Amino acid sequence: MKMKKVGIVGASGYSGEELVRLLLHHPHVELSAVTSRQNAGQTLAQVFPKFANHPRARELRFSEPKVEVLSKQADIVFLALPHGVAAEYAVPLMQAGCIVIDLSADFRVKSAEVYKEFYAHDHPAPDLLGKSVYGLPEVYREQIKKATLIASPGCYPTSILLPLIPLLKAGIIKHTGIIADSLSGVSGAGRKAELDYLFVECNESVRPYGVPKHRHLSEIEQELSVAASAPVTIQFTPHLIPVNRGILTTLYVAPEKHFSNETEMKELGEKISTCYKQVYGNEPFVRLLEGKALPDTKNVVGTNVCEIAWRLDARTGRLIVMSAEDNLVKGASGQAVQSMNILCGFPEIAGLV
Amino acid sequence: MKMKKVGIVGASGYSGEELVRLLLHHPHVELSAVTSRQNAGQTLAQVFPKFANHPRARELRFSEPKVEVLSKQADIVFLALPHGVAAEYAVPLMQAGCIVIDLSADFRVKSAEVYKEFYAHDHPAPDLLGKSVYGLPEVYREQIKKATLIASPGCYPTSILLPLIPLLKAGIIKHTGIIADSLSGVSGAGRKAELDYLFVECNESVRPYGVPKHRHLSEIEQELSVAASAPVTIQFTPHLIPVNRGILTTLYVAPEKHFSNETEMKELGEKISTCYKQVYGNEPFVRLLEGKALPDTKNVVGTNVCEIAWRLDARTGRLIVMSAEDNLVKGASGQAVQSMNILCGFPEIAGLV
Amino acid sequence: MKMKKVGIVGASGYSGEELVRLLLHHPHVELSAVTSRQNAGQTLAQVFPKFANHPRARELRFSEPKVEVLSKQADIVFLALPHGVAAEYAVPLMQAGCIVIDLSADFRVKSAEVYKEFYAHDHPAPDLLGKSVYGLPEVYREQIKKATLIASPGCYPTSILLPLIPLLKAGIIKHTGIIADSLSGVSGAGRKAELDYLFVECNESVRPYGVPKHRHLSEIEQELSVAASAPVTIQFTPHLIPVNRGILTTLYVAPEKHFSNETEMKELGEKISTCYKQVYGNEPFVRLLEGKALPDTKNVVGTNVCEIAWRLDARTGRLIVMSAEDNLVKGASGQAVQSMNILCGFPEIAGLV
Amino acid sequence: MKMKKVGIVGASGYSGEELVRLLLHHPHVELSAVTSRQNAGQTLAQVFPKFANHPRARELRFSEPKVEVLSKQADIVFLALPHGVAAEYAVPLMQAGCIVIDLSADFRVKSAEVYKEFYAHDHPAPDLLGKSVYGLPEVYREQIKKATLIASPGCYPTSILLPLIPLLKAGIIKHTGIIADSLSGVSGAGRKAELDYLFVECNESVRPYGVPKHRHLSEIEQELSVAASAPVTIQFTPHLIPVNRGILTTLYVAPEKHFSNETEMKELGEKISTCYKQVYGNEPFVRLLEGKALPDTKNVVGTNVCEIAWRLDARTGRLIVMSAEDNLVKGASGQAVQSMNILCGFPEIAGLV
């Protein structure tokens, strides 16, 4: 298999660092460029001592992010940048022939108006919105194969979409009244020197934030609407939890079919179970929990796996679905690498196990 | 004010230890007895070095729990025991003339059948169910004044009942479709040598448990039903979070009155705000957050305060209410001391600030 | 007892916040001024929601730090400022008749040259060095009574000086070859928006820093030299540990008298034990551990207590002394309040239990 | 390269689990047996959900530990058992022709008397002490190649021996007066249901333990004595720190050659630097830090790397050496796999990067 050359723009944040980790050890790519304004000139090994035993990390130096240089160094460029900034690089990189895998929110939302509503500024490159593929491999694998611009999904969206999309598509649950309650590790806030994310402010603290209109709602509702073939509006509450990594999402949904006795509950349960097995039974990165097991972030941290479990509640008539993922891997960099693997024709799990 | 003599049965668990802390420093009581099978014979200072600078902790020794001795040593006895066991002590202690403040679930549920449904054994003292007062001072202050048996509420119930009861009583929210999503620190599991609660199993882990039918639902629904004057069934999902103390609860409820524009939302918001201020404006241990503030467990840990904030969501038509408390203080021992203060005619905040 | 009016300059950092907590609840003082450039105009309750249930916190507003205003509002002013800055306030405040209790390093070191060597700038007010009293009550209680300028000790120094000074004064240990290995919680780094102290950078991390010449060495060696009546140079290594609060120090020292058998070891042990009991037996804030107990930061967090335990090692001939304290209480704000109590003739434990 | 079949006795503890992780993904071995009394009959996937996406984990079941079965299933058997128990399996497994890699302390100490002194019971198989090789690859690589019984070093010993042995062998430091101060994550205590290791007891706690005579001293001093060609006695203090994994050791040693000025310090520094580079410059799992970098456990967790940095202190004439490792990888299971690689002629880094 021909090696691809890959670059990372914004490689000093948490998802950038995680991309470095994954791509340094990937069997089919060579990490050929990493950029970072504040670390330009230093080697990967100097900035991230934990990679120092990798020979490539001792020679590859951070550079200033310059499109004309990058486009020669790399076939594929990952953008690990804040929203709004990513688009500035995506446009010229694509013009220069690079494939772009964007981890920001810039190309996830298909509508420039929705983007503006949620991100409070005009979309910087509305023409590209039609070209981008939402990089959720379990849903858009075929489209990813032919993509030139991949909008890799956010961490919260992944934890919500993977459990819900099969049920909506199969008509098992109602598309109204959905509630998503999510708990995120602190790396989700990025490597930013802000008081709110100091150790002492986060340790021994649990708190909701961004209630009730978090930006990720735009892409979540867009994708749920596609799955439901109807406009979906959901309730979403994120919370900050004192762990480095991991998202745990608890979803409250209403089954289409009312169940009022043991038999009906068992029937519905089998329908849900079958649906998930058909859709995810062969997916390498979705783990359907069985028996009494419930998701636990510690079982997915460091991996590209999303765990899913569900329970029917005879008392309330509701279905509760729970998921766990590593926000930096399946919720960001691992998923982006998974898309790259599909796009390049590599084994989908290459560099991810 | 006459000093009361107080005893604690089961003083070596987490809520027992917290009772020790509060009662050692309480201005109107003398801690005259602490029991613990495994620590019998040792002083409080030996078992809990952190109390060793208190003279009483250096002289008071743990004893075996014997009712005939306890009833002579103490006017008021706190029971910090597992459910089922507490009742065994409550009955003879009351016969011997003691006032009993029970931190277990034994006397919270008024119906012996409901108790059996949720706790999987017959109620050990059904005759006393009619006598007990549910020790939530903000709701049952008058009844507590005359009580001889107080069933102090659980930690999850407190975090759910305080935010919801005023809204249900005022008819502002529907009593159907309520969802409570709660996050609890590990001390909520008690001081038990079980693998699940080892540091390594809880640190860097976030997980739901007891889905969908947690025992605390029995008392939560009982009290919500009283407030709503109608039978209430709710959805409740507890999660274990790597902090020592604290519960954060996020509640999803539907306002009785639909709101579809800014004006209606503002009107409803004022109604909610007024309701909370009328009910809790003078409560010493409820803090209504204002402006952009949201509850954070770190702001209540170590105190008897429950923080409450709320938001209306114009997109979904829902009301989200969030609360934070210290599970061992307002969720257990502090609340029990608050009830004692009321019952004894002490200032309600004595020993709690 | 006449109430004193007290002010805090720099009340928004961690030790400032802890001073607020202690002084709000102190029975003999009124907190009359708090300053903070970034929070000026806001109430204490707004900046620190956890104090919001205290009436004073709802009315007292942060102000810009102005000496002419402060000197009228307060009899005693606490300075919780960075070194170098503190002196700028101390001089005019003292001229205006205030008593100053400085939590910075500015007046701890008696020699302006030593100050310059360790802090890399000229001392801003060398004339005051002779006036200041090193505010370690267990050592300088008499001098504190008459002080007008108290230099409250640092967190590491307190954890090292309290265990060593009695042994040096009694000639039980050698003043050469002393090693202090200290572990500190992250609040010791202050409330500063720096990447190094982000949750994700500190959690699941243990690291030494400032090796081998930490600034606190200047005051540590000064005070050990006084105790030993000889110049003392020590080895000191601080480490950053993922806890909010607490310092644990392990000291390696050589007894003056060699011990080579059980009898000699027992004799020496009794000498040490007697020495500590004589010096600290009646101290309210030093806890000498007995039996098998070893210091644990969780037993001192939130209190003004320093725990001490020691062991003789027959294999190496060394004495190991271990101490634990809360870096923000006995290591900073609690100790400052203790000094204030002594200076004002209040009970020494007022507001500290 | 021919695949080897490997088994793990005691695969449900923390180092057993880590062996499972490493061996499941090792390119040259097949994990053919895992034993655990309490989990017998369950698959690896059921007991450790995080391995469930690996096909082998879904089929391999825990069995009762039976030597006659194991010896047919595996060429190499790892023992992850408590000391004393390990020897019971080692003897018959070796007789049956298996190579044994023991992670317990049973075969690390060469003297049965020293073993008894430190472990308080007679050595269970003294005849084998002469056969075992101390599995520290950086020191005993040649011996490991021909070993049939490897005594894999403890976590604390590895963090102390790797930094000190080169300096002792080169005669750069004195072999007297050495002090090792170590900080360990809680997984070092094993997966045991004991109150001391509950989340609430360890979180927000820092504490020394086992002072002054920890069992690991026996192997540490044995190996240091070999390196120094003289009997070495050291001071060692372990501390428990609230992280899951990681050991940070700070070593205080005296250079053989006194240095009293800049030039002498520079000369000595170059000697130390050269020594470390010669010994470890090509070692895949030792990382010599440069410039201002100091060890940090977060940079080694999950890897088989031991980080080393050092500083000379002109004020005290001492050398301070600091090391960091993952107690479960380089301190246990990774090191055992490294030894296996050497013994089997696999690339030394196979399965470890």
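The chains carry the letters A, B, C and D, assigned in the order they are written, with residues numbered from 1 in each.
One rule holds in what follows: contacts are C-beta pairs under 8 Å (C-beta built on N, C-alpha and C of every residue); 3 or more make two chains touch, one makes a residue touch a chain.
These figures come from a predicted structure and were not determined experimentally.
Ranking B-D and A-B by contacting C-beta pairs places A-B first. Using the mean of the Cα atoms as each chain's centre, the chain most removed from subunit A is C. The distance from the centre of subunit B to the centre of subunit C, each centre being the mean of the chain's C-alpha atoms, comes to 37 Å.
One simple way to say how far apart two chains are is to compare their mean CA positions; for subunit B and subunit D this gives 46 Å. Centre-to-centre separation between subunit A and subunit B, using Cα means, comes to 39 Å.
Shown for subunit A are the residues in touch with two or more other chains, namely 185, 201, 203-204, 242-244, 296, 298.
Listing the residues of subunit A that touch subunit B in their complex gives 179, 181, 183, 185, 201, 203-209, 211-213, 233-235, 237, 239, 241-246, 248, 250, 252, 294-298, 301, 311-313, 315-316, 318, 320, 322, 324. On subunit B, the positions that touch subunit C within their shared complex are 25, 46, 49-50, 52-54, 204, 284-285, 287, 289, 291, 293, 296, 298-300, 302-303, 305, 307, 353.
Those residues of subunit B that touch subunit D in the shared complex are 14, 185-187, 191-195, 197-204, 242-244.
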